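Listed next: structures, encoded as structure tokens.
What follows is chain A paired twice: with chain B in the first complex and chain C in the second.
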Partner chain A sequence: MAAILKGIVATSVLSSSSDFVPKGVQLPSLKSLPVSERKGGFLVDGSDAKVVPVSNARARSAGRLVAANAVAAEKSAASTASKTGGHELLLFEALREGLEEEMDRDPRVCVMGEDVGHYGGSYKVTKGLAKKYGDLRVLDTPIAENSFTGMAVGAAMTGLRPIVEGMNMGFLLLAFNQISNNCGMLHYTSGGQFKIPIVIRGPGGVGRQLGAEHSQRLESYFQSIPGIQMVACSTPYNAKGLMKAAIRSENPVILFEHVLLYNLKERIPDEEYVLSLEEAEMVRPGEHVTILTYSRMRYHVMQAAKTLVNKGYDPEVIDIRSLKPFDLYTIGNSVKKTHRVLIVEECMRTGGIGASLTAAINENFHDYLDAPVVCLSSQDVPTPYAGTLEEWTVVQPAQIVTAVEQLCR
Partner chain B sequence: MGFLGKLNHSFLGFHQRNSSLVSPIDESYRNAVVVLNNAMALFSVRCSESTLAEAQRDSRYDEHENQILDFPGGQVTFTSEMRFISESPEKRTKCYQVLDDNGRPILGTSFQPLSKEFAVRMYSNMVTLQTMDTIFYEAQRQGRISFYVTSNGEEAINIASAAALTFDDVVLPQYREPGVLLWRGFTLQEFANQCFGNKGDNGKGRQMPIHYGSKKLNYFTVSSTIATQLPQAVGAAYSLKMDSKDACVITYFGDGGTSEGDFHAALNFAAVMGAPVIFICRNNGWAISTPTSEQFRSDGIVVRGQAYGVRSIRVDGNDALAVYTAVQTAREMAISEHRPILIEALTYRVGHHSTSDDSTKYRPVDEIEHWRMARDPVTRFRKWVEWNGWWSDEDESELRSSARKQILHAIQVAEKVEKPPLSDLFTDVYDHLPSNLLEQERLLRETIKRHPQDYPPEVPM
Partner chain C sequence: MSSAFPAMKILQPLSTTRSPEKPLFDLLKSPSSFLGSASKLRFNAQKPSPSSSYSSSCHRPSTIVAVSDVVKEKKTLKSNSSLSNLLITKEEGLELYEDMVLGRAFEDMCAQMYYRGKMFGFVHLYNGQEAVSTGFIKLLKQEDYVCSTYRDHVHALSKGVPARAVMSELFGKTTGCCRGQGGSMHMFSKEHNLLGGFAFIGEGIPVATGAAFTSKYRREVLKEAGCDSVTLAFFGDGTCNNGQFFECLNMAALWKLPIVFVVENNLWAIGMSHLRATSDPEIWKKGPAFGMPGVHVDGMDVLKVREVAKEAIARARRGEGPTLVECETYRFRGHSLADPDELRDPGELLNFVILVYFVFPFL
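Up next, the complex of A and B:
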């Protein structure tokens, strides 16, 4: 009953920067998939722009939450974005658009963080919202991350749907206690009485010489907290869709943005759409090797892909998007096809998303692998300030090309 | 050069004006003048109404020819006398008390009058709480439950504060406030169910004993972490304020909890945001083995309120009427004026920190006995109730034996109730079971099937 609709749509030019892929980024395909027959039953209900009620045996008791309120898009199959229609905007504007639509839709949605109100947020994601919704719904907080995260937890337990903005993901290390001990746990320890539908978001990752403390990759630390979900956006299209999905989710969701991706430009649909929080994005289908990546590294990978194509390789690039839980269905299908996996991440080598993903793939798809899983990550060093050194702590396209060549030997 | 910076008192009514900034420093000013530049715009934008640079000198003089100057945050008067504020006040903040040790109202005192029914209800709850604590503690010692925390000596704080609230007021406890739940109607059976972690527990047996929680009674589930409930209380109050509800939030913490960073930030946030929260500090003298003399050097907790701009009061925590009156007044202030209130209730932790603690190891036994006997809040309130002619010795013995019987019965029943099923290990982590947890549950069940003899028989599959 698997019906996979592929939509290949050209997008408009992304913002110019030597790091980013200028053209031809494919947008996610629509999928509606029942659970596979494989042992374990990975259940992916998801559609990028369509409501697809998926019913099957597995779905009865659980099922991953589709963005069930997603408004059906128009008939145009991969109506993710079209050359005509839609509107162009930057990634931070897409985030804001998603945020604003959700705040319009549900009066319980509110934002809190440092400088989010009148200043409009340090990356302008909340610009103009305080004026529109008032001081109380877009709340400026004093500098105490643990405390305003705690505040959001308390507000959520009392019925609101807060969005917490960390000015930089690294600052949310201060909020770890509230996130791990309360946010992730209280739904469980209260026996399901209290739910905590909060969204914690902020920019992370290595920027342009921001220094070690402002270049943290927090997805490594948060990934083992039970009770939370983690997603990472990488394009204006998925940024808006994931933001909306995260806000509508009843679980606490951490949305990882990247400092360097805020000015990416893309044309996105005018119609409302919500993405699935648990679904990966097929960026470029291929046959020879599966490259798994997320956030900024997606662009390094696509740049390397161009080189690889010229050299005669056919890489399949998947933006995993969902960091917790992994979309092992999409990933599994890809591994079964190509039998080779390369993971490209920005996390440190030790204990990062790549480390977990490697383990998951080895555990689940060992028989399908023709070669060991290769993971390219940053070194286990604090990010240096010097520009040249900083560049070499982040995986570069040349390394990706070399790794693929070695993998496919 | 100076500039206007006024402290904005009403957070709600705040509107930002444009701030333009750079003011050159005028050499003639000896005193530090804060210079606003673009980088500092963030700071000024938050609080000040307007930060237009002024072209001329801005200084005034008060009636004593002392210079007044504007700084961000308001006007300050200068003085030529260099004087440090003392680290401790000459006199400690006074403590509000209504009843003396014999349960008689102190002459000239004012307090909220109570009806006979209400007073008797309060007293019965205090006795029930005391009895419940005793019996559950003993049950733990007998090995029937794994852990317990008593609130001996703090019955007045528990019951009297709860009695002063409505059921709409949201409670965020630390862990020594089961009396609040008791007042609101949590049954003895429900207490026992939670301690035994059986199927009847609201928390589905997932937490250790005394981690009660009831959404129905507006009592947030206890979380073991210290003081994390304080900023959450501010968030809950923020939610109530957004909905303009006629309700406040009340949150409890001990003297030790005030050392946590969350205490500082919560008070600060609450003051800045005008959140209707009542912060009740049960200053019972001990944080496990750390006495207050090693916890802080301030005059208790009450003096810290002013540091954050929070109205505060010190109250005799063993005086039920004083606690009742103070909390009720605080509630009115919090809701009508949209402000937080800090109440420091002085008391003594008569019991051990928990069943994992033996406090005789770090404090003298006669000190404990003194507080248990001579300063018992339950006895004190009883004397007042009796003095009003509302209680008798027969009532007392009947109440105590009835409470004891009910609690013992509740324990017996709870002991026999089935434990929650295995599937509850995996539910409620998320709203729906994700595939990884489904898989893990499947693996677990497979393992149990292969080794049935290792699986506890009283846990249903």
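Up next, the complex of A and C:
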């Protein structure tokens, strides 16, 4: 019987002495399994951490375990971790830890961006790194996003592994030329000759009265660019894991962080771990409705989930994490179980991630739906400065509760 | 060091080995009848020639540096002495000649195929500009990088990409250098370190800056002592009004990256004359503004280009930083094969043809 498996979905070698995995359980690295064999998912039921096979799951080969992620498991994992150690830190520190570990591991990894060096990054993600690695490895660039992003592309083509920090994701609009044409397309137009192992990261999303231009959600603009991968982190645990995975990936990856989540605190394992870039995270298993979300909205959803549980609903919450490509495997299994989908995102209504996800679900799982997919997104307006107005442009927990109630009628 | 002081100091001779009496780039030399000078070439200008307005206001430090005179003198000097003092040896001469003829023949064949309906899309030909490609790229090593624009066929050929691979690419075949996926405007070669081939102008300059950054990183962070790769970034006059150009000049000079910015100034950006688009058309002057030497050279003479290129590349290899080289050249065909090329005065082309074929040989 499998124990808590959260977070040990690692692409690196798993030590059998890990306290998270009981003896005798074989945990293959997900990457080693061909996709067709990842049939059947195991969801960890939150209440007593029992492994519950998913109903409607297709035939699965006996004895194979596909690790599922669960925040409910996280509680037990956390308690196990506290027995073994683990350490508490804030999300921006987790990002820095991941970054530092990768920079130690591979001398070709370097950081470029405005104020990443001496200043330590606008949100302190690179604090102390310039002192440790030098000014060339943690490069303070002039204010020229398009050019230094292009420079990172050129460096990636010629052997380095740069990480570009956009001081605010919105500034990367200036780098759209390089991100779209070069990051995304060069691998293809060069006939596969050149790889672009670049990571582009930065804080985005609606903050606390930052004004319209500093509150942009660029995932919707970048999602159509062919050739790039997009992930969004939401907890210190997945922030570190995704950062490491993105750096190790040979593809250009855009890592979306959120301005309001940098000070989240969580206990993360001491052991090294790397998460999969293409996987969604099961935050709370449930039966009645599938709520798909990412980044900051995860917390609004979990807040709404508390209210919903009190009202007698059992929502299943999935943090999709991978914005491009979608983890339709996890999402599909969930849809097949609950038959109702609610998407909660911070993107604008028009052309956002939710819009693409709705289309993907309708295309692939139409027969399993008992109700139309409902998508809650931000209003199609520039984010106002006034706090009360700003609140109204973003999805609030009360709206989520209402939507679930309507969906489950 | 030199960046703290204005243009006068920056335009000092690039090479310290050159004797002080005969510097290659000498500010104090009087304006020559160098054919690339602003006053002579811009007879098609629709606004007053910049040199006239400048000479009246007298704030320009000097005119175009007289590379031709010095090179001429070197040639005459050297022809009097022993063979070993020639500018180029016979073998080198033949190599340069072959490269330029290959470039011309290749481009002419592209035109033929295009007009016969066998090649499609946007094809930008390099006829007339061969001296720049040959003059610069033939001085490079395999590990040096070249970053080009959409007018990249001849850069690919000069860098060593087999003509067959380039032609196959233009026909969209899998045997092409990019498996037919890139096309005319995206010539890449990992083996020959050709970093493209870019469709949007200015896009390749940051990529070139990145390659130069890698070279510096390798030397200083990864401690690969032997790494002294130089990157050449080729682009046109139109690009010199683009933000990426200026941003990269800044970064390259700031970090002393081993890169040479080569401007192929053919006076036309499709149908937009350089003079109509640029407030100060003398592009070489923009180098000193960022703290790097700015050099102007006659891009129709391969030997002159080669002399300048030698200096600039050596400078970069020594770790002294970037150079901006403006090569005045001309494209004998339209912007692309789809360009009707109605705005250029045929006389302008004739002028170049006459100069190149009938005047230069006698200089």
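The rule is short, and it goes like this: the second predicted complex is superposed on the first by the 325 of 409 C-alpha atoms of A that agree within 3 Å, B and C clash if a C-alpha of one lies under 4 Å from a C-alpha of the other, contacts with A are read in each partner's own complex, and residues count from 1 in each chain.
Keep in mind that, in the parts below, a residue touches a chain if its C-beta (ideal position, glycine included) is under 8 Å from a C-beta of that chain, and two chains touch if they have at least 3 such contacts.
Predicted, not measured: the structure shown is a model, and the values here were computed from it.
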{"item": "First (chain B), second (chain C), both or neither touched by A:Val111", "value": "neither"}
{"item": "Touching partner for A:Asn177 - first (chain B), second (chain C), both, neither", "value": "both"}
{"item": "First, second, both or neither for A:Tyr188, with chain B first and chain C second", "value": "both"}
{"item": "Touching partner for A:Asp140 - first (chain B), second (chain C), both, neither", "value": "first"}
{"item": "Greater residue coverage of chain A in the superposed arrangement, chain B or chain C", "value": "B"}
{"item": "Chain B versus chain C as contact partner of A:Phe148, first or second or both or neither", "value": "both"}
{"item": "Which superposed partner A:Pro325 touches (first chain B, second chain C, both, neither)", "value": "first"}
{"item": "Partner chain in contact with A:Met157 - chain B first, chain C second, else both or neither", "value": "both"}
{"item": "Doubly contacted chain A residues - partners chain C and chain B", "value": "110, 136-137, 141-142, 144, 146-160, 177-178, 181-182, 186, 188-194"}
{"item": "Chain C residues touching chain A - in the complex, by the definition given at the top", "value": "145, 147, 176-183, 186, 188-190, 195-200, 203, 205-218, 220-222, 243-244, 247-248, 250-251, 254"}
{"item": "List of chain B residues in touch with chain A within their complex", "value": "11-12, 14, 16, 42, 45-46, 170, 172, 201-204, 206-207, 211, 213-215, 220-221, 223-225, 228-243, 261-262, 264-266, 268-269, 272-273, 427-436, 438-439, 442"}
{"item": "Interfacial residue positions of chain A with respect to chain B in the complex", "value": "40-43, 58, 61-65, 110, 115, 118-119, 135-137, 139-142, 144, 146-160, 162, 177-178, 181-182, 185-195, 226-227, 229, 249-251, 278, 325, 328"}
{"item": "Interface residues, chain A side, partner chain C - complex", "value": "107-108, 110, 134, 136-137, 141-142, 144, 146-160, 177-178, 181-182, 186, 188-194"}
